[in-house]
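The next part holds the structures, each set out as structure tokens.
First chain A sits with chain B, and in the next complex the same chain sits with chain C.
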Partner chain A sequence: MKQHRKVALPRWGEYNCALKYIVEQGFEARCILPPPLSRRTEDLGARNSPDLVCTPFKTTLGSMIEALEAGADTILMVPGACRLNYFGELQEQILRDMGFTFEFINLSLYNTGNAKDLLKALRVVNPRRSMVKTARALYEAAKMIEHLDDITTLYYENCGFDPTKTYPKVYRQFIADMYEARNLNEIHEAFRVASRAFEDITLNKPSDPIRIGIIGDYYTVMDPFSNLELEQKLADMGVEVHRLMNLANDMLRGGGKNKQAKIRDFAEYSLGASSTADIWQAQNFAERGFDGIIQVKSAGCMPETDIMPILANLSRDYKIPVLYLTYDSQSSDVGLMTRLEAFYDMVEMRKKVNS
Partner chain B sequence: MSKLNAFLGIDVGSISTKAVILDEGNAILAQEYIWTEGNPIGAVKKLLGLLEKQFDPESWQIVGVGATGSARRLVGSIVGATVVKNEITAHAVGTTTFHPDVRTILEIGGQDSKIILVENGIAVDYAMNTLCAAGTGAFLSSQARRLGIEVEEMGQYALRSTHPTMIAARCTVFAESDLVHKIQMGHPREDIIAGVCRAVASNYINNVGKGKKICSPVVFQGGVSKNVGVVRAFEDLLGCPVIVDDNGHLMGATGAAILARRSLKRTQFDFSVENMEFVTRERNCGGCSNNCEVICVYRNGRLIDFWGNRCERGAARTDETPHP
Partner chain C sequence: MNESRMPAIGIPRAMLYYRYGALWEQFLQALGVSFQLSPPSSRGILETGTRLAPDESCLSLKMFMGHVDTLVGRCERILIPRYSNYGYTELFCTRYEGLYDQARNIFRSSGQRFITCNIDAQNGSPEAKAFELFGVELGFSARQSRRAWQEASKALKQKQKAEEQSQKELAAKPGMKVLIAGHSYILSDPYLGMPILDCLVSSGAVTLRADALESETARKACAKFSPTCRWIVSEEIVGGVLHWKEKADGIILVSAFPCGPDSMTNELLIRRLKGMPILPLVLDTQSGMAGVETRIESFLDIIRFQRGDMV
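Showing the complex of A and B:
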């Protein structure tokens, strides 16, 4: 009897739990989780990547190598709206040149706008899969992503004000449950447990806390390793951290309808990738009276670089400070801390004077 | 007779180490400026020795210590600082204290450069160079060496020029090759130096100052502000006067001392630190693949502080010795 395929997606925040769910519950194949991202992942990626490509390429390539080392035989790569769409092709070639033997599912090749085509791409995982099971797993994985994003949102908005310091424990347990979940009941149950645990913690939050909104390129902003745990660092300073950019908001809930029309004052046309969503989110934060906005981008990310002048206009019009952070493969977060501390000090002093 | 309160501020940058002692009214009781020379601990000990000579311990007592600059963490734990603050906040606080009406603070140091926008005495926006040190003091130093003059003399050379040479300012490496090319073409030395100063100023405005509205009054500080050629270049490019405070190089340290005064934490600082032995040791945690580089600081053989670990596993134990 043929062995089950061992499928892996490069690490991206905690979204690998959803792929694991689809592969194991829908396709009845095995999912290999690459080791958590680390210096080693980055080194492996950087060594085998073109020098000037953006950091997410290097990180995902490194994670693919670690997945293959961990026994994966099938690698999955997602499509994107910028040169990310071309990443898969190049990464497959690099991995083959390195001597790995594997099946590569490049979803970019099937990204026609029709969801059925994406399913076709996944056929190789298990040609004898049941369509009913697959469809159900996809639906349930979508629920999982929504729950994951909702809990993550709650976590970063509140963990900075938790006097008991139990928020991280609840969050970590919830993530672990997501990786272990085998049916929709377990997904819902873990969500209920975590929500209730959060509710039971009495927060020590001022009535008007410092609120900072995070925007940025799709990979770096959603992956805590890549942004050097920016959200946790801010939360630890006592900030309510908001991020609208996540898979649930962007893919499943429409991400704010007619964004391009809503930001007409700032940009008439899209600048590609996450640019429109970013400008819309920045505007949304500004209109809600946030104290600051932080833009997170990997070095060489063109859409994010292009929206910087627009963010400067927005910053001027709404009188809201914007901190621009550029990430490359860095081994030290000292520079980041300097900028974050200064941003926090500034925002705090402004708030004191204005209130 | 009871002693009056005084506050020490120390700013340890990549190139220079600065310190001031202020009284309650922000008057400078003692000040010093020396080179860091890649040895922040040694620089601070030397600095404290120099300050002690200017300081009158009979009438004053240092009750608050602020540390800032890129070595603030290390120096803060050595001197027992009551406040450890980033240099951006320290500069903003120091400058707005002495120039309450300032709107824009330009700051160019040895390795970094920043711009701080101020409204009604508080910082409202700032930017700091990322990933690239083009147009900082280090660039000026290396070009001075190439031209065979002291970096301190550059400003005077630049002022003598009437036709500054155009030098590409986008990137230090390209600026350098452009500069070599212009030297070999026979451009006069004064014009080239003026061109370098102009390149620093325009690089700053195009990169760090991008998208920022620079309003007058403008205060320029950091080591590079001592270069009158760069000051002139800024005035030409911005079309407004640029103020350089005589104590501009001390603004970070001054800000740190003021922050120490504002904070409620008090200490009894004494100068004995200069005679203690401090050792730092880097240890690779090895607990996971992150392999965190943990820095441990020892005073007279005993661990007093550590940092660099991402999780508890990398925490140093207080019974660890500096020599494993």
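Showing the complex of A and C:
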């Protein structure tokens, strides 16, 4: 009998816990978690990628290499709305040229707009297992993603005001529980425990804290390693950090209805990929009276570059400062800290003057 | 100048103009709408565009914004068609998708009016419908617009066919042949790509262009070679390379810094076309011709050496 597949997906924030859940509870397969992203991952990726491709391509390629080193025999790659849809084919070619032997399941091939084709992809990963079980695992993984995103949202909004400094511990434990969960009960239970623990901590938050909204490209904004833990850094300065861009909001909850109509003054049509969501979120932050917006993008990200003139106009109209951050594989902490501190000082000063 | 004397439509001579311009011009002509093109690319236009566009955008976008700038205040409306998709798996680079709204935002304070033709089949506006709506917005009936579009698409097809035919004759000529591949808005641009083509010709190479091929033929070839490549214009270039490569002694891949689709399709071509000399050339705002010339000359030397012309 054939050994169980060892499936891996490149690292992306903590979302790998959901994949692990799908693979292990829904499919008859094992999930290999690539090591957490590191300098080594980036170096491996950058060295073997074309120069001008966007940074997420390099990072995910590096993570695939590390997954194969860790014993994976099947790499799963997701489709997407931008260049991401083409990542898989080129990455497979690069890995083969490097001499790796493995099976590559490129979901882009099945992403044809016809749901039947996606089902075909499921059968490829998982020829024997019943579709009912797979469907249930997919549903439960979706719940997991919602919980993960809700806890993460709570965490970054509040952890900067926690005098007991126990927020990180609760959050880390919750993430660890997500990776260990084997059924829906355990997922819900971990969520309840973490929410309750957060509630029990009395925060030392001013009535009108500095609030900064984060927007940006799908990969970089949701992956703390890729954005050099931007949210944690801001929270540590005493900022309430808001980010609407996450998988739960964007894919599972529809991400706000009629976004394009709401941002009509700035953009009549979509500028591709995450652009509409980003502009809408920026406008939403501005309307709610936030103190600043930070746009996070990887070097070479096209939709994010294209919306920069729009964000500039939005910044003028709403009188809200916007900081544009571009991340490449050489980004260092020091440069980021300098810019964040300057931005924070400016935002804080404006708040004092305006209040 | 009196506003009524201005041409109704201004067309920036950049980006997709070089691919679909014949279609737009024919369409407007058939309806009798007056239009004006921006002047041919120049250093000045690129410099203006570089100042206006976001720093990190591609060379072609910077050039495009420079062209838009030359039209501001000189026509009633500037036409920037929005090419988004022909269907779920037939896409365009997101840059063409965003051009219209991006330009509107960059030139917001100028008061200039813009008009688009929104080709977005996924959202109920395939090409035929898009041009119908475009015609209606210009003040014509849906029927007139449809007919104008049919005429115009025929003209575009014929133009492509003619280009393919004349290249067939070129490919039959003896001598060293170089296939040059890149977006037509790079290759045909008098400031960006033309100097490269001139350099090749003056070095005595017969120059074939990957984009001189009927779209269907090219895209079919590309679908086999790279099934998940879904940018129509990139498919045409990759398909063109595959179609013409047998006739060529070497390939030059010209792309603009930092072109998104090219960064990936060119890499795939280099990795999958083994045994063929390939020179990737990336143009940026600082490009002086001297560096490019040196690289082309040494590339041609390699080809000559391989052909045995230089023993």
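For this structure, a couple of remarks:
We adopt the following convention: the second predicted complex is superposed on the first by the 350 of 355 C-alpha atoms of A that agree within 3 Å, B and C clash if a C-alpha of one lies under 4 Å from a C-alpha of the other, contacts with A are read in each partner's own complex, and residues count from 1 in each chain.
Simple rule for what comes next: a contact is a pair of C-beta atoms (placed from the backbone, for glycine too) under 8 Å apart; a residue touches a chain by one contact, two chains touch by 3 or more.
This structure is a prediction, so every number in the text was calculated from the model and none was measured.
Look at A:A299: by the touch rule set out above, it reaches both chain B and chain C. Between chain B and chain C, it is C that contacts the larger number of residues in chain A.
Contacts of A:P35 after superposition: chain B is touched, whereas chain C is not reached. Contacts of A:T326 after superposition on the shared chain: both chain B and chain C are touched. By the touch criterion stated above, A:V334 is placed in contact with chain B alone, chain C being left untouched. Using the contact criterion defined above for the overlaid structures, shared-chain residue A:P309 touches chain B and also reaches chain C.
Once the two complexes are laid over each other on the shared chain, residue contacts for A:M349 go to chain B alone; chain C is not touched. Overlaid on A, the two complexes show chain B and chain C touching the same residues of chain A, namely 299, 308-309, 312, 326. The touching residues of chain C, counted against chain A in their complex, run 54, 56-58, 82, 84, 87-89, 93-95, 97-98, 100-102, 104-106, 108, 116, 118, 120, 226-230, 257-264, 266-268, 271-272, 282. Against chain C, in their complex, chain A makes its touches with residues 50-54, 57, 82-83, 85-86, 88-90, 93-94, 97, 106, 108-109, 112-113, 266-273, 275, 299-300, 302-303, 305-310, 312-313, 326.
Chain A makes touch with chain B in their complex at residues 35-36, 38-41, 299, 308-309, 312, 315-316, 319, 321-322, 324-326, 328, 331, 334-335, 337-339, 341-343, 345-346, 349-350, 353.
Within the complex formed with chain A, the chain B residues making contact are 70, 85-89, 92, 120, 122-128, 130-131, 210-213, 288-291, 293.
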